[in-house]
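Following this line, the structures themselves.
There are two complexes below, and they share chain A, which is joined by chain B in the first and by chain C in the second.
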Partner chain A sequence: MENTNSDKIRAYQKQKNKEEMQKHLISFGLMIVLTIIAFVIVATGIMDKMFVIPVLVILAAIQVAFQFYYFMHMKDKGHEMPATMIYGGVWGALLTLAGLGVISWW
Partner chain B sequence: MSIAATQKRSFSAILWDYLTTVDHKKVAHLYLFGGGFFFLLGGLEALIIRIQLIKPMNDFISAGFYNEMFTMHGTTMIFLAAMPLILALMNAAMPLQIGARDVAFPFLNALGVWLFIFGGILLNMSWFLGGAPDAGWTSYVPLATDSATHGVDFYVLGLQIAGAGTLMSGINFLATIINMRAPGMTYMRMPLFTWTTFITSVLILFAFPALTIGLFLLMFDRMFGSAFFNAALGGNAIIWEHLFWIFGHPEVYILILPIFGIFSEIFATFSKKRLFGYTAMVFATMLIAFLGFMVWAHHMFTVGLGAMANSIFAVATMAIAVPTGIKIFNWLATMWGGSIKINSAMLWSLGFIPTFTIGGMTGVMLGSAVADYQYHDTYFVVAHFHYVIVGGTVFGIFAGLHYWWPKMFGRILNETLGKWTFWVFFFGFHFTFFVQHFLGLMGMPRRYWVFLNDQELDLGNFISTIGAFLMGVGVIMFLWNVIATAVKGEKAEADPWDGRTLEWSIPSPPPFYNFKQVPLVRGLDALWIEKTEGNKQMTPGEPLDDIHMPNGSILPFIMSLGFFIAGIGFIYQVDHKLWYIVLYGGMALALGTMVVRSLKDDLGFYVKKEELEREAK
Partner chain C sequence: MSHIHPLNPETMPNEPEKATLEGKNKFLGLWFFLGGETVLFASLFGTYIALRNSTAGGPTSQEMFGLELVFIMTILLLTSSLTSVYAMYHMKNQDFKKMQLWLGVTGLLGLSFLGLEIYEFAHYITDYGFTFRSSAFGSAFYTLVGFHGGHVTFGIAWLITIMIRNAKRGLNLYNAPKYYTFSLYWHFIDVIWVFVFTVVYLMGKVA
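Moving on, here comes the complex of A and B:
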């Protein structure tokens, strides 16, 4: 892209990269905080066992979302196919687990 | 390159070329040679099984050896023959059909083929090292965990290595089809073989991890004292069956969907018509793949899952007959009113339709959970799955080989021999397996070493064995055809069949960069559209420019060799601690190669524009 706007484009790209990096760092920090919360809940035993497991599952789900959308760039354009594949896989795995659960305990 | 190709090269140069190749066309050759070799081996095992069953109370081979024989026949045919031969055709045709110069990850492609070859060799080494696996190709526990020899260990490690290769090929094809289609080729303009390759790759991606996990659990149970499947220690043997069939059922669609694609290409080409119901074909394929993941328990009706579970899986199973039926009718409608040319490829395709329909019908019969209690583990099941796997997959592979042989090797297979091969194999096949339906209904169980006198099973088994030999003759005729063609076959032009898709727009065999200029695709059956408008060739989709190509590499071979050596170490470390040296040595070799690959940049090379222009003259 050797045109007169190349400087502007470069500056724009730089700005973009900076924002991207910030988002990465924020989500990375949040993931560490979430992990610490999870450990604290279990280690200190402040919660009833009945609550601990759902809370941990929710925390895990948030972390997976961060992973997919920020670190694996699923929030960006052009990731429709990977998203289809990932959600297809998640759906297949859930169905399989549900199937196995139902035939084991129903 | 063009100069090198015209000169005769020494054997060692050709060998080195194949050992280091990352070209999808040569990887296809490797898959073909490897898969073909194991196909012959599996066929030999089948003949030994049939000789043993030629008469009542025969003692051609011992009972234990018979167990090894049918286990290896199944394992070899599924994992080391059918799948690699399909991958060979995918590698040979798919990148050409989408107008790509190679697959997305050429290095990974080479790694996949070498992992398959080494995995296959590892599995078959068991014959010479104390006995082959003998727990059936399904390797059900506790039979597999209690099997005394190292056979099942070879099964676990061999399949783990070969399976890793298949998994990476699946990912590779997905990335290729998503990212590397020629300009103008939207998803709904892709040839049907490309579509089925795509959907099969999705199946590979989602199904193979279940096998990987199952094999790891079995490996830990057998080698490292865990108890995942040991009920006495709190494990559960049924888990293996679930894991195996969660993989195993999609696996049968991995075997048949690409074949549906091949037949779709052949019917359209030799009927000189656009494929009837293209959109319906695409969505039927997707539907089969989707449903294929939720029917695995129909292999386990007699396990005791309960009436509710059995009913759900029975209904889901029968539902698959609907999209499959759509396909059958679409193929018939494609031929309807077409200008049909019947040659070898077309004969295999025509033979497929009634054969596969019979297999599908017995499939629906087996899908009925109530009736399955009668059929389970009898020769009825054996007849059913041979009708779909031989009548579908093997017929399709032969059809595909006849169809794409000119593109793969630059020569046309002999038509007379090809037709003879078809008729001998076709009759041999039906002799072998049609009677087995009735043997099964009369109560003959599968996997039994002998059968008794005077139970009216003699004649059926005798006919079956004769048929098996006819199939063997058919395969030998095909080999003869291949050799004769290689020696003095008719040279193929670029487009010997008056084809419709992009692979026929380039020379046979194509130059290593496939397309000098990536073509512009203006619709389904891209080449046919140009032909109808009187154009001699495709409109280029880009100006003539330097072509970026990957360098060859020996690393995939060394990496696979490392895993192969480590596999031997894993198998024997239970006998003596010294084997850990082999285990760690092999792993070090494999991981070291990975480090080399990661740290050393290999940016490939450019075919210069000037060179391309010179070749054009």
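Moving on, here comes the complex of A and C:
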């Protein structure tokens, strides 16, 4: 009795793992598409110079969000502390970039 | 020492990497480390952005950079990120052999990435005479991209070490956190690369 019950839990967990893996494959596909878009924009030069850099930064940010939230599981439960660490790091990173930008071009 | 016995489907927790206190601490510790790494790389990126036009009469980024090679490197590293996710999927299904196999593929993709990066640097040095000492742009470029390459090298060494060390042990609650923290680190290397190819190569071609 107990054994069949744990088998059921196992099967349920396996199914869940499989669904998770499918989500990973979809995010991988999207990341590839975002990468191709970024390279095509630059290689063909179809976009106005003023817009290219903000667009590239946005494409990179979306791709990194997929990496963090899906590949690194930040969307899952129990990731409050990792999110705090990373957003703390991103905040520090923005301050660093702003600081270096200001002393270079002010 | 029950925690070193190999796992079987009956005793396996859903998240073997976080089932022990040590595993939980390793998990948090690695994220703490990644938060610090973010700031470290931000300072290198900031320096690069500030100095990228200070070429001192040497070759500029537009002249040197080739998008084809960088695109191949990007795809290699992105795919290695997927294969390490796939390895962690096998870990959750307690398939140790498949996990080792896909981590092996991850390592090979990482090595090919590294090979292309070394080829790229050699190409800049021999064909353009562009070295670390050529200009402020040269120093900033090799520091930033080389530091990322150094992270890839360290990651491959880490991966080979845990793969060989645990080859005969099988998966257990003691080594599952070691594999999982490696996979997080490896994804983070890919995160940094996304900004490297965007800021260094793509923006270097535009501006």
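Quick note on the criterion: the second predicted complex is superposed on the first by the 100 of 106 C-alpha atoms of A that agree within 3 Å, B and C clash if a C-alpha of one lies under 4 Å from a C-alpha of the other, contacts with A are read in each partner's own complex, and residues count from 1 in each chain.
One rule holds in what follows: contacts are C-beta pairs under 8 Å (C-beta built on N, C-alpha and C of every residue); 3 or more make two chains touch, one makes a residue touch a chain.
Quick caveat, the model's predicted, so the values are computed rather than measured.
Overlaying the two complexes via chain A brings chain B and chain C into a clash.
By the document's definition of touching, of the two partners only chain C reaches A:78; chain B does not.
Contacts of A:102 after superposition: chain B is touched, whereas chain C is not reached.
After overlaying the two complexes on the shared chain, residue contacts for A:92 are found with chain B and with chain C alike.
Contacts of A:55 after superposition on the shared chain: neither chain B nor chain C is touched.
Ranked by how many residues of chain A each touches, chain B and chain C are led by C.
Of the two partner chains placed by superposition, only chain C is touched by A:32; chain B is not. By the touch criterion defined above, A:64 lies against chain C but remains apart from chain B after alignment on the C-alpha atoms of chain A. Superposing the two complexes on chain A places one of the chain B stretches 24-32, 366-374, 438-446 or 600-608 into chain C: stretch 600-608. Under the contact criterion defined above, the residues of chain A that touch both chain B in one complex and chain C in the other are 81, 85, 88-89, 92, 96, 99-100. Contacts from chain B toward chain A in the complex involve residues 174, 178, 202, 205-206, 242, 246, 293-294, 297, 305-306, 308-309. Of all residues in chain C, those touching chain A in their complex are 9-10, 14, 18, 27-28, 31-32, 34-39, 41-43, 45-47, 49-50, 67, 71, 74-75, 78, 81-82, 85-86, 89, 92-93, 184, 187-188, 190-191, 194-195, 197-198, 202-203, 205-207. For chain A in complex with chain B, the residues that touch the partner chain are 81, 85, 88-89, 92, 95-96, 99-100, 102-103, 106.
On the chain A side of its complex with chain C, the touching residues are 3, 6, 10, 13-14, 17, 20-21, 24-25, 28, 31-32, 35, 38-39, 41-43, 49, 52-53, 56-57, 59-60, 63-64, 67-68, 71-72, 78, 81-82, 85-86, 88-90, 92-94, 96-97, 99-101, 104.
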